[in-house]
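Below you'll find the structures, each written out as structure tokens.
Look for chain A in each of the two complexes below; its partner is chain B in the first and chain C in the second.
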Partner chain A sequence: MNGCILILVALGLSIVFGLMGIINFAHGIFYMLGAYAGWLTVQLTGSFWLALLTAPVAVGLVGVLVERGVLRRIYGTRNANFAGVLVTYGLAIMIPDLVRMTFGRPGKPFAVPESLTGSLFRLGAIDVHGYRMFILLVTALLLPSLWLLLNRTNLGLVIRAGTSDNLMVQLLGINVARTWTITYALGAALAALAGVITAPLVAVAPEMGGLVLIECFIVTVVGGMGSFLGAVAGGLIIGEALALTGMLYDVLADVVIYLAMALVLLLRPRGLFGQEGMSEE
Partner chain B sequence: MRGLVAAALLLATAPLYADYTPFYLGLLAEVLVFGLFALAYDVLLGHAGVLSLGHSAFLGVAAYATGLLLARWRAPLEVSVLAGAAAGLLTSLVLGLLVLRKRGVYLAMLTLALSQVFYYGVLMWTPVTGGTDGLGNLPVLYLSEPLGWRLSKRPVTRYYVLAAVVFGAMLAIRHLLASPLGRVMRAVKANETRAAACGYDTGRVKLVAFAISGCFSGLAGALLTVALEFVPIENIHWSMSGSVLIMTLFGGTGTLLGPFVGAGVFIWMRDFLSKHLEYWEVFVGGAFVLIVLFLPDGIVGSLTRWIGRRRPAPASALGAPPPAPGRPAPPGPAPAGPDGRLLESRGLTRTFGGLTAVNGVDFVVRAGELRAVIGPNGAGKTTFFNLLTGALPPTGGRIVFKGRDITNLPAHAVSRLGLARSYQVTNIFGDLSVFENLCVAAQSRVTHYRPWGRADRLADVNRRAEEILGLLGLGAKRHARGAELSHGEQRYLEIGIALATDPDFLLLDEPTAGMSPEETRRTAAFVRELAGRVTIVLVEHDMEVVMGISDRITVLNYGQVLAEGTPAEIRDNADVRRVYLRD
Partner chain C sequence: MSHPTRRTVLKGLAGLGAAASVSGFPFVNRLALGQQPLKLGVVVPQTGPMALEAQEMLAATQIAVEDVNAEGGVMGRKVEMVVRDSEFKPEVAKRKATELIEVEKAPFLVGAIVGFEGIAMAEVGCKNDVIVSFFGQNFLTVKGKMCKYQFGNNLTPYQTAAAAARFVDAQKLGKKWHMLANNYSWPQMFERAYSLVAKQVGAEWTGVTWAPLGTRDFLPFLPKVAAAKADVVFVTTWAADQVACAKQVQEFGLARQSQVIHSITELTFAEAAGKGVYEGFYSGMPWYWHLKDKFPAARKYYDRHYALRKRAPGGYTASTYSTVRVLLDTAREVKSTDTDKLTRALEGRKFQYLKGPEEIRACDHVNIQDVYLCRGKSAAAMKDAWDFFDIVQAVGGDVVAESCEGEGFDPKKPLSQQI
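== the complex of A and B ==
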């Protein structure tokens, strides 16, 4: 299940990097904000299903604000890629404290929706929980639709073309600025959705963004930055590695994924599915 | 120099202003130590152009190393502090070797991820490190005999010892940055490809910068342990890397003073804002975003520029050393292979996927020749140059230069053998001054990475750069940044950088690209003049230039040699006419 969440968050990170060349350090924030938006929705309306809708939409709008208000100022400046890391890093420091200011320091409990509680069936010695199946289902539905969006629609074509040569796409008369905003918001919404569906499994807390961000970095290094398949494969590998070592030898769980990353870096620096050149800058 | 004396005086008298209050003295010491950390960080960011988000590992590992030595093994203070610096150095070498396989923002991401390993290491090792509680119970700190000072009993003594060590480290870093090594680091930051083409192993330079940065970060970590008498786990958490980045950018990168000012501002925010505001990180983060967006030079950098603008600009020609008279002495005859063959390729081939850009090219240039390589667009001329200079590894074939096989040598090694090139698309050190552009290139013939002595006092290098400057007619622009030159001037500088490495063999890739007719004429005459002193191969589209100045011409088409001969032979060659005139 861990893997599913990682895939969703890492995909947004990877798509944004592919198009804009910016490693979005604020990505974990969107995940955390998604969880809070979901929590708020449940508090106000009592409906978990509505939260699945409101969180991505609300956080997507935050993404639009960040892209229009902050990132837009640095495109085309000297060292724009560095500046992109720096400003999103600043946001990653600032926003958790804003959330603490608004919602308080302690985490918020988030109950599993009633219809999904309890065990569905037993698989050998393991209980398969309804909620975990739900996460799997959401991911399984979302991934193909995303793939279709990126590979079979006009928007997807522009995103992929912009990834390989941004200037040329602009010269063809396509509004790249709008595509960037949409892409950034899409990444934010994906992270937010992942945030909502994780929320019942962990406590909703301002710090949850930082951890998932680093895990997603590892996922994209292992899978290959900017690659759809890479994010999926990397997410599965890292998710399973975390789950397995967590079960077998808890203390090592956090370290094993770093070793996996170091290994990939040494043997195949561009990642399992990364394209040559893409990983360089 | 005056700045240094002022800084030393300020450090020496600071306890007076701080009223000898232990609290303020402690705070002051902390500012100094964090300032050193930020300065060490800036060696990498501001001078070598590498953005790291993993410096918490260097500071943290060193802090724990020092703390453990003091607490568990009761080691003397000096030994513990030195061990801390060594631990920082070692950590940075391991991390650097891994992350330097990548560049730019990707590298930044890797440093962040890898530095977390050390944080988890501390957590896993809780019985020894104290885990989240931090490492306490450090014994009363002594300097070992003969001084025998008891540091923690007297805050003033401790302040002075810390201030002295920080000041010394600052001097050492200042010295390193002014050395030939420091110059090469700035060249790598400004333009890594060109630095490699000038004969510098840029991977190694970045690793050395990483190690220097890690070593001084380690020293800062060790001093922090001494200052706090405690190792908080925050030292090794990734947020510490963020803090040092913020300090450095607050103050301004690329300056000596900036990191200390930034550390002061940061610690003021932390201590005084957090006293009144529970959520001070909002302001730190917000201020950081604003600085990145609107004040990219930081506080010190912006102030310096502002003061510089208010003062009348110094007349650039004054104060500069007088230009050296005369022309560069012709180099001795280049040691060539058998029967005067200087460069030779056999069956040279390069494929990109399904495309064969260079296909079995046999090519011989004799010493003293001026050879032109022509061919329609896409004939593989630039790829051919990239193969000869080691910028690209060939798929097949051999290259022999001065009787030596250089087929798989990297670009910097090829350059050191005396094979220089200019680029079709201008590829200069845009952020460095014109004079410094030439010095970087000229220095590769004298020393590569010497970490001592002052780079700007290398007499041979200055003389050589001065000669080239005169030759190019760019004397009036010596202080201008490369990026500020006009297109034509940049094209001259492009050739000048290649010349400054004092090559025996010069590859010029379309030297007249984008030039006006007048500039083209001047450049052609210039190349012809150079040909007396150095063997030249040039790629050129301007047929008038090609026919007018070359001894022999090689025609490439679809990656293969179509014809070779004197200008007259080429003009009359039926194959060449067909390719060019399509008749």
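== the complex of A and C ==
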């Protein structure tokens, strides 16, 4: 499960960094908001399936507001990268407190949908449950769709071109501002989807975004900042490292992801699939 | 008869004030102080991840202060809470505790939900010769780690673990034990207690499966727990980790093989997990709101807490109430807020507020009290939104507290005479 969640959250983080050059400390809050939006939908309608749709859409719109209302003001300013870090870090502190004030006590009950409870089959010592297979399935379906979006559509072409050379794309007369908004919203929606599908297995709480963000930064560093393939590979590596260490040598589980990151940085400082110079701009 | 001049009156008042300031006129002092409230310094994380737990504890503090004031206050002075936000940061907790002592002149401090806040507050209290009493678990009761002014009415990790272990033994739930826990200092204290009690009762201790703090996915850790083939698995996790762990332990089906016991839980965690998630698990608590049916004071407290917060109070709020009450009641009884005098009066003090009899053991300041082992109910069996558990057994007394010798103290001497 961890690998899937990390991939979904890290993908958004990586795409936003690749295109906009923003180290987005606010990304974890979209994951948290996704869980809350999902919880709210289930409370109002009783439908988990509807929550899968409403959470990414609602949080994607929040992403639009953040990009247009806050981030757009710092593009092109002096020290825009540094300002981006400060602004998104500020949002990461402020929004969980707003959620706390709005929704009251932390921890919102969120059950696994009835149709996905129970064991499907046994894999070694572990019963594989329907809900975990569902998370795998969602990730497996989403990744090729995203790949197609980024590689086979005009929007994807602009995003990829912007990731490679933002200035050149603007000089070609393409409305990059709109692409930035769409990209930021897409990243937020992906994180929200990860949030809503994780919610039945964890505690839905305002601080849940902070924890996942740290791991996702490690994923993007391991995989390479701004790389689609890197986010997928990094998510799988870090997710598996956590899972295997937990099974085989639990006392190392605390440090294994940091060791993995250190190892990758030593051998390949730009990350497994990162482009040279990407993180130095 | 000549009337006194304005100057004579002023001189007289000045002289009276000067005399009062050197305690020449105790009644004048009392008169003056009687109008000044006695400040109770409170440091809790009003912002950050424990903000709502802090609100619950502030409600409990408020109720305790109101009760004391209704009984005449302390030395004729009303008690006033002066609350500071630790922001869930040790350096801020330290700064705010210092401010309460130096600026607000609070004669004693209460608060701290988690360990690092407690350590920070204790450091300030010990340095300034001010009593500090914790709301969270009282985990510093070891020689070399505490000073004589530290108190805390909540459970110690040892008490919590030993109560769960004794409960297992009394209920004959099995002799092969294992623990699944987050890997940091607080659960490590439980490991020591469980392994010691296992030896005492002849149980087999199969060790611990450690999961990092902040674990989202416990599934990779559960096969190791299952492989231990333990009759009983103690789970020592807290807050979001406990909620995720409880959900995934149910999903994994560990309960089919082993009896799962949460070393300690709070009502808020069961609420966050959702109805039925704690079904069949036992959980330790310092207090549970069903005690309102047993103790009239607990009923009164429940009603007042409910009126303030619109929800049932959790176990930690009851410990908070007792922490504040015993401190203020003792100050009233000895008619002093002098730190040393109050410390001596608190050592060995017996009291009863919201549960069975309690006693602050003189040699280590551990509150000897009952721990309530409760069984999680199914969603269908719940009678209201907070009816997650039934109390099965109260386990308490000296038997579940670590001996003073074990902590490095002389059992025959009060702590204040040892350090």
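Going forward, the second predicted complex is superposed on the first by the 277 of 281 C-alpha atoms of A that agree within 3 Å, B and C clash if a C-alpha of one lies under 4 Å from a C-alpha of the other, contacts with A are read in each partner's own complex, and residues count from 1 in each chain.
In this text, contacts are C-beta pairs under 8 Å (C-beta built on N, C-alpha and C of every residue); 3 or more make two chains touch, one makes a residue touch a chain.
Note that the structure is a prediction, hence the values are computed from the model and not measured.
After alignment on the shared chain A, the placement of chain B and chain C results in a clash.
Once chain A of one complex is fitted onto chain A of the other, the partner contacts of A:Val66 are absent, as it touches neither chain B nor chain C.
Look at A:Pro269: by the touch rule set out above, it reaches chain B but stays clear of chain C.
Of the two partner chains placed by superposition, only chain B is touched by A:Met225; chain C is not.
In the superposition on chain A, contact of A:Arg100 is made with both chain B and chain C. In the superposition on chain A, contact of A:Ile238 is made with neither chain B nor chain C. In the superposed model, A:Ile23 makes contact with chain B only, not with chain C.
In the superposition on chain A, A:Asp254 makes contact with both chain B and chain C. None of the stretches 98-106, 242-250 or 350-358 of chain C clash with chain B in the superposition except 98-106.
Residues 97, 100, 251, 254 of chain A lie at the contact with chain B in one complex and at the contact with chain C in the other. Listing the residues of chain A that touch chain C in their complex gives 1-2, 5, 97, 100, 104-112, 119, 124-127, 129, 131-132, 198, 200-208, 211-212, 242-247, 250-251, 253-254.
The touching residues of chain A, counted against chain B in their complex, run 21-23, 70, 73-74, 81-87, 89-98, 100-101, 210, 214, 217-218, 220-221, 225, 251, 254-255, 258, 261-262, 265-266, 269, 279-281.
Across the complex, chain A is touched by residues 51, 53, 98-99, 101-106, 108-110, 112-114, 116-117, 120-121, 123-124, 238-239, 242, 245-246, 249, 278-282, 284-286, 288-289, 292-293, 296 of chain B. Of all residues in chain C, those touching chain A in their complex are 47, 49, 51-52, 183, 209-217, 219-224, 226-227, 239-240, 243-244, 247-248, 251-253, 268-269, 271-275, 277.
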